[in-house]
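This report concerns only the one structure given below.
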């Protein structure tokens, strides 16, 4: 049969990458529901605006310049010479170029979305959009250039298959830095620092979002193998590409999602309490984050063990964060940051050649570099946003809810009678504003 | 390696089309959430019945005869001779026939679904189902025959890649015609014509539905390339098929979804207000609708510019519609109709040979023919439905909510205490029925 | 062009199976929303915990031993000799092994999930998890071994394409056995046996879940064709595999989902009532269940007829179940059990050789064996769970809602004011506990 090998390779690879990219895009719907469910309804519409805008602003920025940043960074820090024109070639390239650009763009916006959930309920929409744009088009692409683009960390030998560091540690760090700079919601901590539980308004939506994220994760992981086929040497034939590992990656993704739940559930069980679906959902994501580091090389049992640990640490880190006065609403750092670190540190135990301290050192180096880069760049950005007054809403807006003041639209106009506001919150409002808000009608 | 070229072509093409068809099917879940969130809870269960029935009645009708209509119309109006038996061949054809029939069926039901959201809150379920069936199995397939089937408009040179006209303009026109014939919800306009804002009951579900639709849109757009491979001339080999443009299509889909949001957000910003997530969601869909016309030929920057315009015009057209007394609940015409027109008119700026007035004229011709066909046929159908009393529910049913009267089932029996009904609406009820409804218990 | 035939076959098959597996995984999100919407909000968080834990515990168990059970059963009951090592080979196999294991695992957890919805509102979480684990890793794999693995029923000539028996009859039987052993919710039946309607808290989520399930079903059905390509005889080339029937399978899946809705809607219409979206959603699933038996061989019209019957019987069986005092909350047995039986009995009418009583007898045999196996094994398991007190929560927990007592977390803390509890339920509470619960604050 006659077929051009390049045509076969390119077409089959695009089938795979476009399938995967559509699933990663769907993670935005997942992030949206995961986050909105964890907010009080008075702030929930505002939260949804963030999800829509992260994608909207981000994907345009990623076309205009973000998609070129990683190639430029790789050129600056790796063995290949810098070629600015080639870095921007995706803007007017071939079908294959466009397809891989899209896959990269969905990853960039997933990274930016991690921040979105952490800082809601008190952050300004304008500041967030600037930040998300910066994370998606600069902070993340630099990390890509250093690792997957063939830049410095790649040259050193740092291993991060699908972004436990590049995506999740960077996103989680961006989130916790923003949390620190913006400060906690005013009712999160009592004056003596005792943390209050501020329940989200819908566990249903939160769990729905988690399972949608897990669905998208299959595209995130198996798309990262990159190619089904490659051109064989000499170009006269077709050879197996990244697909040689795709089944392992898919299996480990499934096992990690399950084992993370088990890990998170163990914490309350040990404390004599029953696990709730919110925490178990967090655990599922922890497992999925850690497996990003090693899903291409680990065995099933190894994946289960590490993912149980990744799930278990989330409530532990949550407690530490609360003692430090950090109000990370959706546990973005425990889920993406520390779970990502655990996955990266587990890599040396799975590398084909066997464990070496050298590889462990390289993994630690990568963690420090990626986390440090994200912390430094994000600190500068949100610090600047704070200086110009774009970080945080005023006190009254926060009390009355961001939805009403920002857009005059509540999420659920029929269900938000004054009577349905939790007692404690209603009380806070009355004290804070002398009773005026009690007369504000909700529709 | 030995493989029959036809086997390779058919199998790989089916992988692609079945993937795409499943995503387009998923748009029904998207339409469902997008629409239900924009209705008051008293009408929301009724709205969901429409979504389920559109698919159920429609896909059966599309099997029995709808799938043949486009081939018949193409035969009657194009160069190929009419072959009734061939038009119905999909009913007992090959695997490939069945697969492409399914892809067509999911498109037909998407077109019919556009109507569903526009006319809720006062239209009868029975009338809607007849209408949706007619749109999905006659009105839409005729448009397909004229354009994609190779019929008259195709022969003229009209270009509509993925249905900005065939699907969206036809669906949007079918919606606004039905809106005009049925008339507005009784509390939409004051006696002097001032429009009231009637908020939907859940922005969360509305945004969820939008993002689900955008996910499905990737299948809608990239599936429309039609083939991965074709048989090479002579049949002894395999050549690249529609997939030569698939990456461009996917990239432009992503960019359009983002740019539409930006366009819609600009309108309130210019007016000094903050954009809300409902409007931005509408903008995302506007971008996605317009890109259907030219996604296979435009560059990224061109797509962004046109999609910003498509998003921006939605609130403008909304205002015009309201002045005309049209109660298009989900903005079906601005989102699908005028955004589709904008996309079709943008095509001449992207055609490989460069802009010509002749192509612009052809695009205008296509808009007039498709819009005219939809307006005329849909006017006749809903006009007839109105004559036989199947268009609109009675006054009492509308006041009390369609859910209670139609199925004795409210959507959220636990959350619908009398106290949660917005004040204005409760007042309307009391005036309208002398207080009786106040005693109707909700479960 | 040079390519190793095995590489081509394995890679393309994995593309297909991984796509399908991701859709089947997504059914867990569908089951979650389908079920949670049908429960009162006081039990809904608990229900979500089940959905998360079914996957988490199940997929790990399916890796540790569940994936080996079917091969062992096939070895014990079929012509191939038993090979324990080969049965566990998936744990350290090739990419292809891992991929097919994952596809099997998603099916196993779908089977286990069927139970989840039936027994909520009064069953203990711990007992359910043990049960789901047993169903997913033993009860279901045994059925697989008997049929698809090439075991005894396969040798006899029993036909069940995608699991009308193996998945749905087994799952539905497991559900109704558990329902019988646990007993009805305390307020489901009056003392004289009159059944009460206990409405779920969100039709929106229920319908969303249904459409998500239908989306996943496309992967469930078309993935079951198993292969796109096979190695040609002699191994020097590639031949068409199960994909020769994939288009028919996809078409019939679509038609069955529509026809099931029509069938379910006919029942209330005949009774002079209007169909509600809950019942029509059930009908969609009934059609999808029955087509699992014969979707690879039936024509479109045949599929429509059988699916209408499958949809129509659901409310009939519901009535019978209620007379028998069975409280099957989500109609798991009518939807999965009897609809599956109808599909299996329809197979002889579609087999290529024409109807034979012998095939009908074989189908009946398969129904008796699979249903009997599930009933017996599940009866033993839940019987044992009841003996050790893991079956049912205590009376007070059931009255106050499983969410509060199990995890101290309600699903919707803002929307659950005392006033929003339906009158009858609030009354029950007051009588049952002397008013104490009225003072329990909800956050």
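For clarity, chains are labelled A, B and C in written order, and residue numbers in each chain start from 1.
Methods note: contacts are C-beta pairs under 8 Å (C-beta built on N, C-alpha and C of every residue); 3 or more make two chains touch, one makes a residue touch a chain.
Not measured: the values here are computed from a predicted model.
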Cα superposition angle of subunit A on its copy subunit B, in degrees to the nearest 5: 120
Shared interface numbering between subunit C and subunit A [over half = same, under half = different]: different
Distance from the mean Cα position of subunit C to that of subunit A, given in whole angstrom: 32
Junction residues of subunit C - those touching two or more other chains: 1-4, 8, 12, 15, 19, 202, 412, 415-417, 419-420
In the complex with subunit B, residue positions of subunit C that touch it: 1-5, 8, 12, 15-16, 19, 23, 40-41, 199, 201-204, 207-208, 210-212, 214-215, 218-219, 222, 228-229, 232, 236-240, 243-248, 250-251, 254-255, 257-262, 265, 273-278, 280-281, 284, 299-301, 304, 412, 415-417, 419-424
For the subunit C and subunit A complex, residues of the former touching the latter: 1-4, 7-8, 11-12, 14-15, 18-19, 21-22, 25-26, 28-29, 32-33, 36, 44-45, 48-49, 51-53, 55-60, 63, 91-92, 94-99, 101-102, 105-106, 125, 202, 205, 406-409, 411-417, 419-420, 441-443
